[in-house]
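Labels for the chains are A, B, C and D, by order of writing; each one numbers its residues from 1.
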Amino acid sequence: MAVVGIDLGSQSTKVVILDGDVILGGASLQTGESAETEARMAVQEALRQAGLKREDLKAAVATGTLAVPVTAALNIAALKQRSAASCIATGAYFRFPQARTVLYVGADSSMAIRLSADGQVEDSVKNERCAVSSGALLDIVSRMLEVPVEELGPMSLQATAPETVSSRCVVFAEGEILSFIHRDPPVPVPDVIAGVHQSIAAGLWGMVQKLGVPSELLLCGGVARNAGIVKAIEAHLGKALLVPAQPQYVRALGAAVFARQMEREGVASC
Amino acid sequence: MSDASLITTEELATRLKMAAEGIKKVPGLMKSSVGYMELLQKYVERIATAKEKGKFVATHGTQQPIEIYEAMDVVGVFNEFWGVVSDVVKLESVPEALSISASTGTPGEVCSFFRNMDGLLHVGKWPRTDFFLYATSSCDNVKAFHTLGRRYGIASFGMERPHYPFTSRALDFWKNEHKRLIAFLEEQTGKKLDYDRLKETVRLSYRLTEICLEIDKLVAHVPSPMSSECFGGVLLALRLMCGTQDAVDFLTGLRDELQERVDNGIGAVKEERFRVMWSSFTPFFDPKLMGFMQQKYGAVSVCEMLARWRGESKWMLDPDDPLGNLAYRTQLAPGNCQYAPSIDWAENSVAQARIFTADGAIFNNNWGCKQAAGLGPIVRDELLRHCGVPTLTIACDVIDNTFTSRADIEAQLDGFFEMLEGSKAYQERRAHA
Amino acid sequence: MNAPLQTLNEMQRATSPFPESVTVKDWKATGRKVIGWVNPYVPEEIIHAAGMLPFQVAGDNEPVQMQGAEAYIYSNTCSYIRTCWQLQLDGKYGFLDGLVSCSFCDQDKRLYSVWEYYKKLPYMDILYAPRKRDEEAVHLYLGDLEDFRDRLSQCRLSRIPDRDVANSIRVYNRGRELMHRLYELRKRDRPPVTGAEALEVSKAAARLPRERFNELMEQLLDEIQRTGRQIKKARRLMVIGSDLHNTNQVAALETLDAVVVVDEMNCGIRYAWGQVDTQLPPMEALARYYVLGRPVDMHTWNSDGRLEFIGEMAEQYKVDGIISEIVRFCTYNGWDKFDLKKQMAQRGIPILELDLEYGHPAGAQVKIRAEAFMEMLESRAG
Amino acid sequence: MLTMGIDVGSRSSKCVILDDGQLLTYGSIETGPNIVKTAQAVVEAAVNRRTGLWGEYRMPLPDVKVDHLKIEDMACIVSTGYGRAVVPFAHHAITEISCHCRGAQWFVPGVSTVLDVGGQDSKGIRVGAKGEVADFVMNDKCAGGTGRFMEIVAEALQVRLSEIGPLSLQSTKVLPFSSTCAAFGRGAAVAMRKEGERKENILAGLHESIAKRVMALVSKVGISDKFVISGGIGRNVGLVNKIEENFAGLKVNLPQEPMIVGAVGAALFALDRAQKKAKAGQSETLEGCDEGH
């Protein structure tokens, strides 16, 4: 029985189609179109991958700040909404049941969640007002240094003496980084990137600690693909992080898991 | 800077009058919600008409002995209230006042209650004020009363309180500060204080406390009978109009209505799903949020720390020593512990969470409030440790509605209530009820 | 180019590593206690009289990365407070046997609460720092001081007698006198020390046993006398505002063609000013000195007094400009900003306002302001 | 006497060459990761009359060949802007504040207040009686009122920076920006877009919020009658209108080429120094005016 989870982030839309424990398809779109259109397109793409038709979707759960306007547009038999926190937690638990703290780092927001042994959300915090501890800074850095986002991680691992960024404001951090580059002699690019990673990690670590010292910490959201960030957080944690494959889909996956639950409980049929 | 959207006293008065009329027609609201609007309107009316009535006006901070003002025909303007009520009738006013304040060089990191006052004073739209009255016992921002007072030629008097307010030495000192306040007022107004009148306002104020505690007992009922639109009424009566008959009448009416609702098993909402306590303050920045929470989540606000008395609060020690009573009163008064050590506020929160069987707490971390910033984590930890009540911390500005978007707050509330529903503690509490 | 001050190096050696210095280690090795103090309304004399070492809790020349402090104190507080707490979390203040603070500002108050709740020390105390400067305030503060002495006496199991307090007052008065002398020397057209060096001196005063500091201070003044040291810079600056303990922030200003000749900080001039009256009963004398005897600070409600003091000092020290360094989220400095600018304008003294994160060295943002300010002073000088 | 001003900003670099204070030529390029290369490249742009950033020239340029000009031909060179300290061939580095103040007077004689909204920092400058900087203020703590904020939002909306101004003029309503934080601004804009809001209305809201910010900033030094906006922002009609709307009775004076105000100021300072040296009877060699080193 195929179900779908739809993650309507402020930046992009992600969709996961789930059947039992098997992921049949997934899609991520960033079109700048209206949320309805983008969601419809993403679902289409995921259906294509899964080789299914819309009618095959027995249940759907949408999450993300923009969930409200789109639900109608999708005309799927049963579509419910769940909060971002629940979906992140459920998606993470689906991948790593041993995770007790989940750290989600998205494009311009981040969130830490503490889980109970059975995957229930026990407590959660959102990143504070200044956005340094989110993906935003990485995008900017990649543009400034003309290094593709996906290469930031690997490159930072070559760092010898990282230059940390002290500013809490993304734009001012950008300024600091500029001054590194324009220094004479300029700070080597890997050291700049590693420094940025350390600053982001420090901010994230502070947020995680609001939920107490984590035992098993899982990192997800797009930023989790960055090996440099992972390393920098592990330096605080003192042990390895749990990082799911395709971490950017965890929230959509969680939504899909809720959809599966709905479908099983027969909520969907009404 | 443009100041087109700024609210004026007169505008406020008329708009509130309209609101009071309008609310009568709204179906399904509590009777007292009209009373609340009328009380609000009376409060502002008093300020708007003070001049023609030849009364002195005092703009004041928290923890002030309003009973003394009442006894001396001094009309009080609570500076924090002004921002709150501006949001109720005209959301654009505060952000504009804040940007005017910024243009004078006042940094955006100080309390926006005071920046709002700063901005309105700068363009002459703050209620006409004869003097500023304040006390250490609110926060560092009261320094603004002194600096702004000098800037605009308004006399000011501040009362000091020791760090630990409960020692007998502290009480004596604090009582003496009341005497100094009276001396200041007598000098400013050229009138002597009539102690018999003071005894009367103090008596009314004590009556108010008693009714308030009765109301607490009713609100503690499951389901809670008090709907969000009346929630602020207690605060208004208690902290801005104590010592007046109007306040006593309003609270009496509210109590009777709540009693009636409890007897008939009527709750704030059809199905009460969550009982929420506000462990710092209610969302003044978004006057519609509490109503929205009732509708969307069945989440009923049951307690706000700023309106909670300490224990039994029998502060009428000796009817013939009004100042002694007032000095002691402040020690127990709502919001008082905000000034005291963090743990004191935290323990008080735990006590309240138990009385009102709260399911969850929301801590509004007001950007400009340094006390809250160092208080939140302890309150949060204590509530969780002692009564399994989790806290949602919202980064906000106490009155600037542009600081955080509603969408953002909703997203957090969604997660919070889903979390509560899943928690053991919550399910147990529900099983009990 | 001036040779580095030998005695200053000695002071720095004695106070490093920060914060648990060789001196602190030696002190603890003899089984004596160290009591941390947080703000200028904690009378070190009483701690000294108890035979304990008063040590100022603060940051130093290395910026501190927040990694966890904000889980206890949200980030909308001044970074000085968060830095202190972060250092505690990092275990840097593990050597403290006690902590004494004052409700000087909301944030000091909360730092104390957080410390008490999450990391209770054997001895903890907090006093009230009066906002007014009058007899009632002295009386109120004296009451707190007596309680403080009683509790500290209990902690060391014997009453701290008046005569010990009186003796400590003499020791600290001597220290103030010596520091004051250095301030006098800085009035010269070519001051003997830079602002950065002067800041290192007052930091040492707050971290060393006062007797030892006094010895070194006398040495320092001799050395200055002997070497005839002179700093030749085009502009004279005054630094005011929030406390700063990262010397590099002052040094950064002095890399330009300017020298800082005076300041208006708790960890600077206010720490060196005035004398405790030795004629009065010691406890009362202390109360009078701390409430009335020092230049008005930002926390008192009488900010006119503060601004006048700033103006007078600026004139006495013939400064070309004032640098007002405010740690973000400082309520008191925030409310003085408007009148400060106005009153200094009336005195014809240009002022540069910098908003800083505590302990973080001047970034490009700050550098350009400072340079532009110097260009402005230059064009004024014509 | 030829003098050069180079303004190496955090986003863009400009170079101006004056002949006895008369505009000879100028050029602009984007600032690259390497300042030294950027500095050389922008000089190239100037002598070849290329202005890569914004297509057409707005200032009339004398019809003389300049492409033979070399750095050595300059009597004095002053650098300003973000990378001012690292321009290898500059004799002096002077901050943007002084240079914008000086340049603004060249464009608008008698100017009394200058607003420059740069990439990362916005500046308000009060000009003194003698044309000197009497007071100045810069945004700190938050980049909510900077050009960067606009870039971020423009990018999120996929509108070219040069077009956001004109586009916003077609707005039918002003959508309030719930967040004035540059970093969150992106999310806010995309979200509004996804909720189906029109780009022009979002941009109108953006300009409104930036206008409020920068005017609150410049008010700190006091706003007087002769008000000039310099820097790239001066090309954004949407913002300029909002500024006039938000500040009753204010008439904004726009330099013909707002982007080069800083560079012109730098070139004028270079002229001063060169002339001073000339008077001092020393040769106008590089060393000649090279007192800064």
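Throughout what follows, contacts are C-beta pairs under 8 Å (C-beta built on N, C-alpha and C of every residue); 3 or more make two chains touch, one makes a residue touch a chain.
Note that the coordinates shown come from a computational prediction; the quantities given were computed from them, not determined experimentally.
Contact with subunit A and subunit D alike is made by B, C.
Most remote chain with respect to subunit C, judged by CA-atom centres, is A. Averaged C-alpha coordinates give centres for subunit B and subunit D that are 48 Å from one another. Look at where the CA atoms of subunit A average out and do the same for subunit C: the two points lie 45 Å apart. Averaged C-alpha coordinates put the centre of subunit A at 39 Å from the centre of subunit B. Residue positions of subunit C touching 2 or more other chains, listed in rising order: 71, 74-76, 328, 353, 355, 364-365.
In subunit A, the residues that reach two or more other chains under the touch definition are 65, 128-130, 172, 175, 178, 210.
Each of the following residues of subunit B touches two or more other chains: 104-105, 109, 367, 377, 393, 395, 407-408. If the chains shown are joined wherever they touch, the resulting network links each chain directly to all the rest. By the touch rule above, subunit D contacts subunit C in their complex via residues 82, 94-98, 120-121, 128, 130, 132-138, 140-141.
Subunit B makes touch with subunit C in their complex at residues 104-107, 109-111, 136, 139-144, 146-147, 150-151, 158, 160-163, 169, 173, 176, 180, 341-343, 365, 367-378, 393, 395.
For subunit C in complex with subunit A, the touching residues are 63, 65-71, 74-76, 357, 360, 363-365. Residues 8, 10-11, 32-36, 38, 65-66, 69, 107-109, 129-132, 134, 136-137, 144-146, 169-172, 174-175, 178, 181-182, 184, 186 of subunit A are the ones that touch subunit D when the two sit in their complex. Of all the residues in subunit A, the ones that touch subunit B in their complex are 65, 81-86, 120-126, 128-129, 210.
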